[in-house]
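Below is the structure I would like to discuss, written out as structure tokens.
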Amino acid sequence: MEPTIVIETRSLSKRFGGVVAADNVNFKVPSGEFRCMIGPNGAGKSTLFAMLCGIESADSGRILVFGQDVTRMQAFRRVRLGVGLTFQTNRAFHQLTVRENLTIPQASANLKNKEAGQMRLEFALDAFGLDPDDETKAAELPHNQLHWLEIAMVLVGYPNLILLDEPTAGMAPEETLQTAKVLKHLNSTGLTTVVVEHDMAFVKDVAQTVTVLHQGQIFAEGSLADITAHEDVRRIYLGRA
Amino acid sequence: MDVLPLALSLLYQFMTGAAFFFLAAVGLVIILGMMNIINLAHGELMMIGAYTATITYHAGVPFWLSVILSFFVVAAFGAVLELLIVRRFYGRELGALVVTWGVSLVLGQGTLLFFGPFMPSIKIPGGSFSYGVFSYSAYWLILVLISLLLVLGLWWLYNRTPYGLQAKATMQNAEMAKSLGVRTSRIYTLTFSLGAGLAGLSGALMAPTLTIAPFMGQQFIVPAFITVVVGGTANVIAGAVASSAFLAAVKTPIGMAFGAFSGTVALLLAALIIIRIMPDGISASLQKFFNRRAGRTAQ
Amino acid sequence: MRTIVDLISGGADIGRTRVFWIGFGVIVLLFLLYPTQASAFRVSNVSFYLLNIPLGLGMALLWGYCGVLSFGHVAYFGIAGYIYGIIAGNMSENTLGPLAGVAGGLLASAIVAGIFGYFVFYARVQKWIIPILTLVLTLLLETFLGQTAGYQWRIGSVLLGGYNGMTGIPWFRLGGFVFEGYSFFYLCVVVVLACYFGLRMLVNSNFGQVIVAIREDELRTELLGYDIRARQWVVFVISAMLAGLSGLLYVQWGNYITPSQVGLLQAVLPVIWTAVGGTTSLLAVVISAFALNWVTFTLSSQGNQYAMVIIGALLVVTMLFFPRGIIVMVAEWLGRLIARRAPSSQP
């Protein structure tokens, strides 16, 4: 049976002045997969991520989410289709309490997915040690919990797809491991997960498929074993191009 | 049908209109481009420039010297303002807007209390001449020339002097500039001072054409703000020039056909439309164009 | 579904303890008893301080809770006032005239704000553009109204009046009952209380929470699935209607309105009330709007020329040294003082 494609781009291109950030990218993630996007700095990961979110508009090409063409769709409408997004620089509401951070996302929750979503949220809160009634200001949380808070926040919307940009940035190895554990479990319940990452230990732990970006193109794609064996991938990382 | 006098009159009105917008806005946009702050006391700085000009002029100083003096007096005042108040609001743009509004109140009302409601006016240099049924002011033509010289001067300042290089670096990325040894706090003070000085200069230059009174700065608020909104900050000088020209092109025909007020309303409508299509102003689109050309030649 | 009690006692504004509400009740009672103790002149003055409060509340809602700064909010004050004058003046024989005027005034404020807000919010402009363009709008309105002298500038039978403004604006009446003098005072008290509690419930509601989230981080809120532009637009229109409400009360108070009501000096006043009170608290702005109106009214009626310099200096001092607002910072200090003296009565 042909797996459903949850998020896909077709011939997606984008330039900034003279720089090609995305060059005819055909990116496809089937339902339930745990995909990691890696690549050296400047490969175009952030631009692709921003275009998938709806923060940046593409020059040409199409983006489809859950089969729907969202290329011209505003960011907030895409989220309402059942997508959760977290950012590289943590954007939980630092001046608000943990409780407020976890209540604000409620009204736009994807209620079609309530049962599964509720279980995922409760699991994440428990595993991350977050109390939904906690009146502590988010800014006072330790760094890793702040990142976990943002992940929990997007789970409040009961998404069917989450896109995370470097969720373990700045975390210690045990915290990275914990994040990996939680995300793996969530993914096993059917939550399609796409993560942009630099931390190869994390990628090794979680990824089913890895997409390597280089100079705005998909350079290689496959399981981690395939990728690491790939001579050209090693070359672009070690720079003998 | 004598089209030539009408055409010349329209051209004159367009050029002087553009010069007016440019002079009204140049000090404001220099500060906005650097610190992303709108100085609501801008009108009052222009007023202080006009006051300095008229006071020194009536004390016997030649007019053009008074004008130059006004630049330096208001520039110094601007430096003080920046050091005491404005610098505490970097990063808090809305707060800067509010506090400078308070400063403008104090300056305007204070001037009224201190100097009374009127100041003696300055006789407008040069005369007027006519062509066909239209009359022209030689002084305004001089102001158009001065505006062009200012544009060139500012271009030279930003592209050929150490200050200009450091200022552009600070505008692009203040943190980076600082780590490369640029004394950014000094650049901010100098820039605010420059913007204030230019406001004072504009006020002094336009003083002979206006009544000199404590609240004379208020008449520049609408034109200066609209010019700056339409121009944007991506490229401060090009934006100011393009914006002034565009707004003059809108105001001249409409003002001629329907009156000055309709002309000003047309400006607000034009501004609303421009920000809808180009949210960061004309200069952002201009800058994109420049970048694309540079990108193409680099390949 | 939260109850009304929850919504009123929520944490989005200062003051939640029983002591606070008792004190609040006492002050309301004092206001209700005021006309029995004071002359008609004094009562009229206090009415003036009260009628400006909805304008301040509108600013506080927009700036404090939504993070949008409008420098030209007095435009809606003026629009509502003038429209009321036009409608009620033309319907002076009709008992429904005043009501139509009120409806028309509020509607006009809402429509102008709606159109203006559409351009400004949906254009995704930089933060400083909104205060600048709103100020330009109100200044243009003042210029326009200022040049409407002469008989040709009339709507129906009502003259716009140019710089001298519109006079002879009819009283607001319900049926045969005219709200003037003491009854107008009570009308103001009721309106202020209704606005305050209504807004307090709004900011404690889910809608209010999302508004605060927008203020904190627009991008994050948008990427949680919220149409932030629509919400900002709604808050802008609500706050414009509050400004309009003050305008409607104003034309009752004096039966006239002039273009200077939408001019530069008037425009700065609600900004000052909100800054001095503190943008994070509706109640603080109620207090500061009342107090500062009292100060400016008293000073200017004494012919004191220093009034505006003092007010301007107050704004500068507040922004420099009391960034969270004088009233809010005093309340915080009081709160700490009380907590230190009676730790056992902490809720």
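Read from first to last, the chains carry the letters A, B and C; within each, the first residue is number 1.
Just so it is clear, a contact is a pair of C-beta atoms (placed from the backbone, for glycine too) under 8 Å apart; a residue touches a chain by one contact, two chains touch by 3 or more.
None of these values were measured; they are calculated from a predicted model.
**Q** What is the shape of the graph in which nodes denote protein chains and edges denote touching chain pairs (line, ring, star, complete, other)?
**A** Shape of the chain contacts: complete, all pairs touching.
**Q** Using the mean of all protein Cα atoms as the middle point, what chain has its own Cα mean nearest that point?
**A** Closest chain centre to the overall C-alpha centroid: C.
**Q** By the contact definition above, name the pair with the higher C-beta contact count: A-B or A-C.
**A** A-C is joined by more C-beta pairs in contact.
**Q** So the centre of each chain is just the mean of its C-alpha atoms; given that, what is the distance between chain B and chain C in Å?
**A** Using C-alpha averages as centres, the distance is 33 Å.
**Q** If you average the CA atoms of chain A and of chain B, how many Å lie between those two points?
**A** Here the centre of chain B sits 47 Å away from the centre of chain A.
**Q** Can you check how far apart chain A and chain C are, centre to centre, with Cα atoms defining each centre and the answer in Å?
**A** 44
**Q** For chain A, which residues count as touching chain B in their complex?
**A** Residues of chain A touching chain B: 17-19.
**Q** Quick one: which bits of chain B touch chain A in the complex? Just the residue numbers, please.
**A** Per the touch definition, chain B meets chain A at residues 288, 291-292, 294-296, 298-299.
**Q** Which of the residues in chain C end up touching chain B in this complex?
**A** Counting only chain C, the residues touching chain B are 69, 71, 119-120, 122-129, 131-133, 135-137, 139-140, 143-144, 147, 264, 268, 271-272, 275, 305-306, 308-309, 311-316, 319-320, 323.
**Q** Over in the complex, which chain C residues touch chain A? Could you list them?
**A** Of all residues in chain C, those touching chain A are 206, 209-210, 212-213, 216-217, 219-228.
**Q** In the complex formed with chain C, which residues of chain A make contact?
**A** Going by the criterion above, the answer is residues 53, 55, 74-76, 79-80, 85, 87, 91-96, 100, 103-109, 153-154, 157.
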